[in-house]
């Protein structure tokens, strides 16, 4: 049975329809990638699924229960955790406080265990626990937000462009961590502009164009598909229309 | 790569570098824009396009290198002064004035051109009527130019459908008779038909001699409209050339699709 | 002017300044979390003071026999009731305007302020009301200065409470949630924090502190007037801005500074000008250093 | 170009020309009747009330420039009313100036003082501005109470020679009434004209979106300052007339409460709407006058509650301003009316 089922999801910003009725599903423990050029509607989809935005229409089921339109904090309590685009650490709070906020709804014992695990996953954070998160480098901040997300013991982890603005070497480290998270059995919905990396981690993928799903399939199929290239780099106008 | 300041270029960006709190947002960015040319600026999310726009329009003041508009160095000039020198822009998320009518929106775009004093306005002098008459006529031209010539001038800007709002925003910028027009993702939220007619309009704008700087994610628009394209990644220019050259440039493909795993 | 007089004014200023700081706390916490100048804070201060009068009245003879217990009851009850009032204010006048243009919540909090003090005025008939004397009024003489035991009690209670709030904001889960919301409301919601409730709670906490300040103020001055919320609300706001709005320790620093400065003014200027001094401080700070003494706790968004 | 036909916006149904004309005639007659009421009602009570209404309407019209046009919350507006009043009182008392000679001086001093206070004030953030004007209003109030040499302290100033014009002395309220009316008409006309002009559009732009306004070349701080000045000047003039008519000026007219009521008049009447704020001013005087027979403080409760209700339920006010562009202007400037075809024009300065 699917962990997450999305049906005919529509997201609007005022007059603009950013997501125009997408359907997809994700099984428990599965890692799926959501691909597409900027403005294709990927972030909007994640915002709607995390409860940051109310979908204009459509149905979302999580773990068999209808969760359409639930506010963000309730989605988070159900185990749906979004790591938003652009990192968004709590800049004036310390790294430790950032991580503890991730486990806001977890009992205290969990927090202690999880903090140790997070520090094991991200050794560089160990020495920076009492630093203000805003003073960290981009890579370290990405570790903080990933660690923060893991502290909530997510059942579904949604990542929005985790490699955005990171130097290639740092991005590689982040991808390794994402891979190990996916391997640990947490379901992952990955939005990432680095298509090869994303499909390397995910087993399946969906391609979004102008708010609609235009292709889907296994990662291998999608990588072999000209469709992806087209979605990102486009064709001349008039072609293929 | 050092490009000499070329005063004959309409817009000359030379070796611009910007650092935000230890992060290099832009480095060694140089390009020229000529009269009547459409230059596309593309690159993955976070590549530095917005920062570049902000440098040119004067919102980011702390940068290295130089930006010159029509031979005039823009360093230290306020955004409003740069507008006066002939640079106009539109916004990624349309920013219209919600309590102005369609006509008044385009009149507001002529703020710097209308020459009426407070006294003229308060007492409706002959100069007021003369100035307003010219301004309204120019506004009508601009509205017609962007394809809004049939819209009732008294309708509220916000009552237009989305594509119409985008056009109105362009009219507001055009009516200031800019030398350089910067369009920030004008096709965002448009369907294929709308973005095609937008492309045609951008071409007509350039045909009047305006240099157009176009940031856009819709590759169909970029590839079919631009004369030249500058590709940014991690704040650096990784490629520069015609749409044909860019499309097949391996560095560009890598920037967009990422490295092969293990590569 | 003698040194003795100067020292005396410093002491007086510190006592009343600690009360200002307590009111400033409400402005600063609400501003920090939702970027709203909650004008109603001044009215909540006044409401707290008047509720104190009512509670003392109900306690009757008990308060005379057990003044400290009476005071404690008045403080706690007034804080609870005013906290409840702050809840109503947030629900009615602020929450519906969360996404309205920025002028709307300002005007609505102004209207709320005026509504509350006008209602108090109508009920009490614009007469000053007397506060009972809580402790014996024989002042202590400590070196060159005199200090009433009540004044010391007031300063101690106010400063302890502010310390408590600081600890609460820094150390507890709720406090962390408040600070997280102040930085980034959406990201905080993604942590599973019910941001709506935390905001409401912050309003209530600010209201409760204002009520405590109101009761302490009444005890210190012996009476309350129907328009005290107007002027002292502004004084407390000045204190909040001076300390750095959004900054909890700043509220104390700002409160004490404003208290001492306006107390000094009584030496150098005719009595009525004390009030003008506060306005002058406010305008100078806003014009010259709007981030305040301790600097505004504005997050650089990553 | 087919897609463009979709851009045509829908319009409200237009009432028939006859209905419109009948309504307009009724409105004009009603307004004239109301404005002339002191003459046919007689006595001195009604002219007094009508002058009050007129002055509060002027206050509404002036503050509307600041709040309604430029979107700046000014909580110390009555300070300029005080300044106008005290300038007149001093000029009349110590220099033997007549009201008519003082009015321009009062206006200029209100302009200058608003520029002086506005210059540092308007650079601060929007919400701080409200507080700063509140502080300014407070300072002027305390100055009025305590600068006894200039203001007469709490007792105020009085006892100047009755103003006269062309040998006709002004004694009864009815003598002053036409001038209050004239000031109101002038204020309404001028601000109405400003609204549909370069400066008025700039104010609207700043109110709606400062970033987009700057991108159109509008100097934000300068135009905010203009709004503050061109709004305050009306309070200065009204204050001078008020002092002349009362033959007394004292601090109690400029409390924070008065500034609050001024804001309430603008928000209740309808921000940006000139007819709205005039009705707001009249409404305020009616309520205050009617309630003062029972209790003075109840009007505070009622006005605060009304203000709250309006902000929550009808933020555009009782008589909303409906911005539009009058098609008749096209005819006036000899321009074709839409539709205008794109091919007819080149984009060329």
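Per-chain numbering from 1; labels A, B, C and D assigned in written order.
Just so it is clear, a residue touches a chain if its C-beta (ideal position, glycine included) is under 8 Å from a C-beta of that chain, and two chains touch if they have at least 3 such contacts.
What you are looking at is a predicted structure, and each value in this text was computed from that prediction instead of being measured.
S.K.: Across all chain pairs, which one has the most C-beta contacts?
M.R.: Summing C-beta contacts for every pairing gives the maximum at B-D.
S.K.: State, to the nearest whole Å, the distance from the C-alpha centre of chain A to the C-alpha centre of chain B.
M.R.: 32
S.K.: Using mean CA coordinates as chain centres, what's the chain B-chain D distance in Å?
M.R.: So the centroids are 39 Å from each other.
S.K.: Based only on mean CA positions, could you tell me how far chain A sits from chain C in angstrom?
M.R.: Taking the average C-alpha coordinate of chain A and of chain C, the gap between them is 43 Å.
S.K.: Centre to centre, by mean C-alpha position, how many angstrom separate chain B and chain C?
M.R.: 49
S.K.: Can you list the residues of chain B that touch 2 or more other chains?
M.R.: Chain B, residues with two or more chain partners: 161.
S.K.: Which parts of chain A, given as residue numbers and ranges, touch two or more other chains?
M.R.: Counting only residues that touch two or more other chains, chain A contributes 138.
S.K.: Tell me the shape of the graph of touching chains, choosing from line, ring, star, complete and other.
M.R.: Ring.
S.K.: Okay, what are all the chain pairs that touch?
M.R.: Pairwise, the chains that meet the contact rule are A-B, A-C, B-D, C-D.
S.K.: Please name which positions on chain B make contact with chain D in the complex.
M.R.: Of all residues in chain B, those touching chain D are 57, 79-80, 83-84, 88-89, 91, 95-104, 107-109, 111-112, 114, 116, 118, 120-124, 128-129, 131-133, 136-138, 140-145, 147-156, 159-161, 163-164, 167, 172-174, 176-177, 193-194, 197, 205, 208.
S.K.: Quick one: which bits of chain C touch chain A in the complex? Just the residue numbers, please.
M.R.: Residues 173, 176-177, 179-180, 182-184, 186-195, 297, 299-302 of chain C touch chain A in their complex.
S.K.: Taking the complex as given, what residues does chain A use to touch chain C?
M.R.: Spelled out, the residues of chain A in touch with chain C are 50-52, 71-73, 76-77, 81-82, 84, 86-93, 97, 100-102, 104-105, 133-134, 138, 141, 148, 152.
S.K.: For a test of understanding, state which residues of chain A touch chain B in their complex under the given definition.
M.R.: It comes out as residues 13-18, 37-39, 85, 137-138, 161, 164-165, 167-168, 192-198, 200, 210, 228-229, 232-238, 241.
S.K.: Which residues of chain B touch chain A in the complex?
M.R.: On the chain B side, the touching residues are 22-23, 44-46, 93, 161-162, 165, 185, 188-189, 191-192, 196, 199, 217-224, 234, 243, 247, 252-253, 256-261.
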